[in-house]
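The two complexes that follow have subunit A in common; it is paired with subunit B in the first and with subunit C in the second.
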Partner chain A sequence: MSGLLIERPLPHGGRLVERVVTDKKVARKMIQGCPTYEIKPTLHYETGVPVRNVYREIMSICYGFFSPVEGSMKQAEVERVLKERRLLNEWIFPYPLVFDISKDDLNKLGVTVGDRLCLTLKGKPFAILDIEEIYEIDPEELAYKTFGDPETNPEVVQQKFDKKHPGWVIYRSHQPYVLAGKYTIINEPKLKPPFDRFWFPPRKAREEFDKRGWRTVINHQTRNVPHVGHEFLMKCAAFTGDVEPCHGILVNAVIGVKRRGDYPDEAIVEGHEAVNKGGYIKPERHLVSIVLWDMRYGNPLESLLHGIIRQNMGCTHHMFGRDHAAVGEYYDKFATQILWTKGIPSFGFPAPPTEVPYGLKIRPQNMREFSYCPTCKEMAYSETCGHKREKLSGSFLRGMVAEGVQPPSIIMRPEVYKVVVKWWKKFGYPFCNEKYVINKEKELEVDLEDL
Partner chain B sequence: MSGLLIERPLPHGGRLVERVVTDKKVARKMIQGCPTYEIKPTLHYETGVPVRNVYREIMSICYGFFSPVEGSMKQAEVERVLKERRLLNEWIFPYPLVFDISKDDLNKLGVTVGDRLCLTLKGKPFAILDIEEIYEIDPEELAYKTFGDPETNPEVVQQKFDKKHPGWVIYRSHQPYVLAGKYTIINEPKLKPPFDRFWFPPRKAREEFDKRGWRTVINHQTRNVPHVGHEFLMKCAAFTGDVEPCHGILVNAVIGVKRRGDYPDEAIVEGHEAVNKGGYIKPERHLVSIVLWDMRYGNPLESLLHGIIRQNMGCTHHMFGRDHAAVGEYYDKFATQILWTKGIPSFGFPAPPTEVPYGLKIRPQNMREFSYCPTCKEMAYSETCGHKREKLSGSFLRGMVAEGVQPPSIIMRPEVYKVVVKWWKKFGYPFCNEKYVINKEKELEVDLEDL
Partner chain C sequence: MAYFMVVLLDDSRMAKLRGTGLEDNIKYMFGGELRLLEVEVSEELKDKILAEFETARVDSRGAITDVPVAFMRELFNQVVEKKSLGPEVVEGVLAKVDEIKEMAAKESEYLPPPDIETE
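For the complex of A and B:
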């Protein structure tokens, strides 16, 4: 075979983390006599509305999406991550991930280093946390340090972070004590429909790629119902590859706490599925999947996490657009593309993440914009089409949908719109509102059986 | 910069061949006292219609399109090319290229090894040939050996070559004596309009890429007026690249003897230009150029020559479709793609041409088909779209044009059709007929001044 052929990369860190005990007898033994603690959503430090649920981090860690991370980080690891975006084992990782707990809860629990804590979810045993360290954090400091600031990161940070940034709020809303140590899921949650059929943890994703004969796979990150611009981004970015276009397109939707005005997660996954069910991209070439994660909107930093997740899932390529995983203008519009083509020294990347030791193997495909061109009579690419085009604004499209107007099929496929309407009927509104967010954190995406 | 970035390849063989003397005084001195010989078109061995003009080979060699070839090949080199598709200097090359002459002409000239021959074109001094060897060939044997046969090349040759194959006819129509030796152009021909503005010999092409800031450039081989399917092939294949889509798209049209029913060369180059003038692909990202060559239609072998020409011009990528440079069913439809992904051992390629010693550096992008999808409402890619589509048949489109019907703009851009009509008016017919072919070989694409 040709040396130009790109092979599926190893998982980040060299091997998949898999910390799921499936033998119930063993699991019951493991939690015998353990103190238990019911996981609760992280509430906004000012408004009390849910902004995160650590159960999603535990899921993503134990199923290997975040390999090589194995648990709640120790203090030294959090510091290294914030300073160099490296774990203590040298592998790159962008965000601190911790199991945070209030002083009250810590006192009530009375656990100390060496204890095994049984975490319950919806009242059922879910995972264990083997406590290796307990330490205090300053959530506000953590929030600032996680995302950077214009003085420290002048290459890409344009604006000081504040409470208008949902990722900053997540860290600011952390409880001040951290129980650090490895997680192990001892009672596998069942994903609820429609999420169950999109659940492809890394090992299963890699097996699915094998089954489909996909050597090269490009990932499409999404937190949106796809309009035709997204469809074109997927179809066109997939023409990269090696000696032929990428064999597969993996849509990986980030499922977690929504912002007001986002589409509901249910509509997002089924909307993407409608693209392949409708034949716009053959189902044989297109797979919709999910990862549980409360988006931090860290643009270049988030893109690193996205690269890690999708490399772990077995992708060879990852498409990145303008304003990747961004909100507001905290970062340069092209911060992610800068990171992947030149690096961002102040974040610990004097070279792109694919070029540093202990870096990533997944390859970026940096893309510009698509919008409808009335002359070409198609969704046209900004770097190709020389005509005057209307910018395809997601907000405009959302406005149209909110008014009950079906967008023209050239902007949104009718099959996708049908999905929006289906969930609109169920939730009473096409977009997420506070009620959806609060209810979602009560019900979650999973159910658990008795152990 | 990232190690994933693809740099412009060196010319094939390590350096550009440039054998053009521009100082007229020097040139006059060089041909002082030389015997002269007027280049004539190669005529079909049965019908007498022109099938080739060696002046095009001399142009392509001396301007470096065929680097590292420097002249008419010696007998040992022809044999090595036919056996291993390697030159005597080891670099890969697919075809024998010789200056052939009849016994009569050779006798009249009376030249021997060591002589310098002045080749004239349209009665003007054009180039010199420093004779290093004179030998006899069997044109029929040469024709058979050049293209392969089902016994020797079972991987891709499906049918014995015969006089229905225009490339076979070219070699079969060669004169039986070869004057081998290096060519040097001593009187630069002037390309006639419209060809002059598309003349980018390798050095100039590379300079133009620099000027445009194109690091990655993908080549589109053409001998056709572009329909929208071709436009999509170009636009979509260009999404390959490295960390971002290819910066430039080079259209390189093969200009030479036409087959009946082909579009005239003038319509081909201006038709492609209309794509960028019309804004369907920005002129900043799209460059139309030509190479002088009488197509041999050797499918995988021709693709090697195409790779060599475009690598010499500075391209990083080359798109290859089904039936690349093919006519009839002599070769497997995917013979070119097989060559570039696995190699064809019987032609001397146990691995792809990018993986063998003295091989090519340009990277293949193997593409499938585009055709209009009424559901997607666009030119859809066979590996993406799951709907029922009509195959976009070039013959059907040509039939429509021949009937005077303007094809729908979704099939052929109106700006391109206008070009077809412009040359139709000039030549009296939208496609090449015998009159066009005979006339073209009289007038050629160039004029020469006195020396």
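For the complex of A and C:
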């Protein structure tokens, strides 16, 4: 075999974390006599609107998306992550992940180190948390330190974080006590349609890649209904690879708390699926999947998490765009590119994450954008021809959709538009309105059976 | 023409436009895939729109954008009704300003979906 061939990387940390008990009898025994605690959504510290649900972190940890993280982090680990973006076992990781509760709840529970806590979700047993440490945090300090600031991280942070940043708000809204320890899911939640058919946890994703004969796979991160510009990014990014273009294109949609004006998650996943159902990319070459996570919008830090998730899923390559997972102008537009090409020393990366010890193996593919060139008469890469372009701006397209005007197929494929309208009819709105945002956090993406 | 508003045309709007005599004024983008009309807006009407709708703005080309969806729908209706692209179209829209504002207030929670087959 050619030495140039790229092999699928091992999971981050060397092995997949899998903490899911599927035998109900065993599970029932595990929670016998344990105190129980119903998981609550994290509410915005000022407005009371739900901004996060820790159940999504428990799912992503126990199914191995966040390998090698195994649970709610201890104090020393949170401190190390904030300082060097490394776990106590040395592997790189961008964000603190903790199980936070209020003082009242802690007192009511009366749990202590060594106790096992049974976490329920929608009233049903869901997971256990084996408590190894209990400590207090200052949510505001945690919020600032998680994202960095212009003094400490001058390479990429341009502006002090504040409550206009949804990720900062998530950490600022954490409760002040942390129960640290490993999570284990003891009652597997069932993903609700349409999410169930897009559920490919890392082990299943790797098995699916094997089945399809995909050695090389490039990931496309999304939280949007795809327009033709996205489609061309996927098509052309897939020409990267080794001696041949990437075998597979994995779309991995981040499913979690929504902001008003986003497209509904249902339309996002089915919209991407419509790209392959419509044949624009052959279904044999394209797979749509999801990960549960309340986006922190940490641009370079988020890109690091994305790299970890997709390496765990078995991808060899990852596309990163300008303003990757960004909101506002807190970070440099090219902060993600800077991280993956040079590193960001103040975040603990004197070199790119693929070139530091205990780093990543997934290969970044930094991409700009596609727009229509009326001279070349094609969708053209922004860095290729020098003609004046007709840009596919998201807001132009959203305006068109809101007006009920079907976008031409050179902008949005009719199959994708039909999906948008299908969910528009269901929710009475093409984008996430207040009702959708609130209902989603009430109903979540899963249902649980009795144990 | 100093100021204008863009009316996007899909197949269903094209059907309604037939016979208005405005077909010759259609402009094309995206290789002829996107059809649109430009409605003339006078200085005075532009000021009125900006005063009535706080989200409205004028872009670098002189196009007035970011008005409520209800405004844009009515704009098309008026084009068809008046069979024109002149200032009387926006005048016709502004004559219904109260109705539009009422609909715009509901727009953040409800928008009528287009009547197309989905599944």
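The rule we apply is simple: the second predicted complex is superposed on the first by the 451 of 451 C-alpha atoms of A that agree within 3 Å, B and C clash if a C-alpha of one lies under 4 Å from a C-alpha of the other, contacts with A are read in each partner's own complex, and residues count from 1 in each chain.
Following the convention adopted for this analysis, a contact is a pair of C-beta atoms (placed from the backbone, for glycine too) under 8 Å apart; a residue touches a chain by one contact, two chains touch by 3 or more.
Computed from a predicted model, the values in this text were never measured in an experiment.
Judged by the touch definition given at the top, the superposed model places A:E403 against subunit C, while subunit B stays out of reach. With both structures placed on the common chain, the touch criterion links A:K377 to subunit B and to subunit C. After superposition on the shared chain, subunit A has more residues touched by B, the comparison being subunit B against subunit C. When both complexes are overlaid on chain A, the residue A:T341 reaches subunit B alone and has no touch with subunit C.
Once the two complexes are laid over each other on the shared chain, residue contacts for A:Y429 go to subunit C alone; subunit B is not touched. When the two complexes are overlaid on their common chain A, residue A:K235 makes contact with subunit B while staying clear of subunit C. The intersection of subunit A residues touching subunit B with those touching subunit C, taken from the two complexes, comprises 377, 409-410. Residues 8-13, 29-31, 33-34, 65-66, 69, 72-73, 108-114, 116-119 of subunit C are the ones that touch subunit A when the two sit in their complex.
Contact residues of subunit A toward subunit C in the complex are 372, 374, 377, 390, 399-400, 402-411, 418-419, 421-422, 424-425, 428-430, 433-435. Interface residues of subunit B facing subunit A in the complex, by the touch rule stated above, are 1-5, 235-241, 243-245, 276, 279-283, 285, 337, 340-342, 351-352, 354-355, 363-367, 375-379, 381, 383-387, 409-410.
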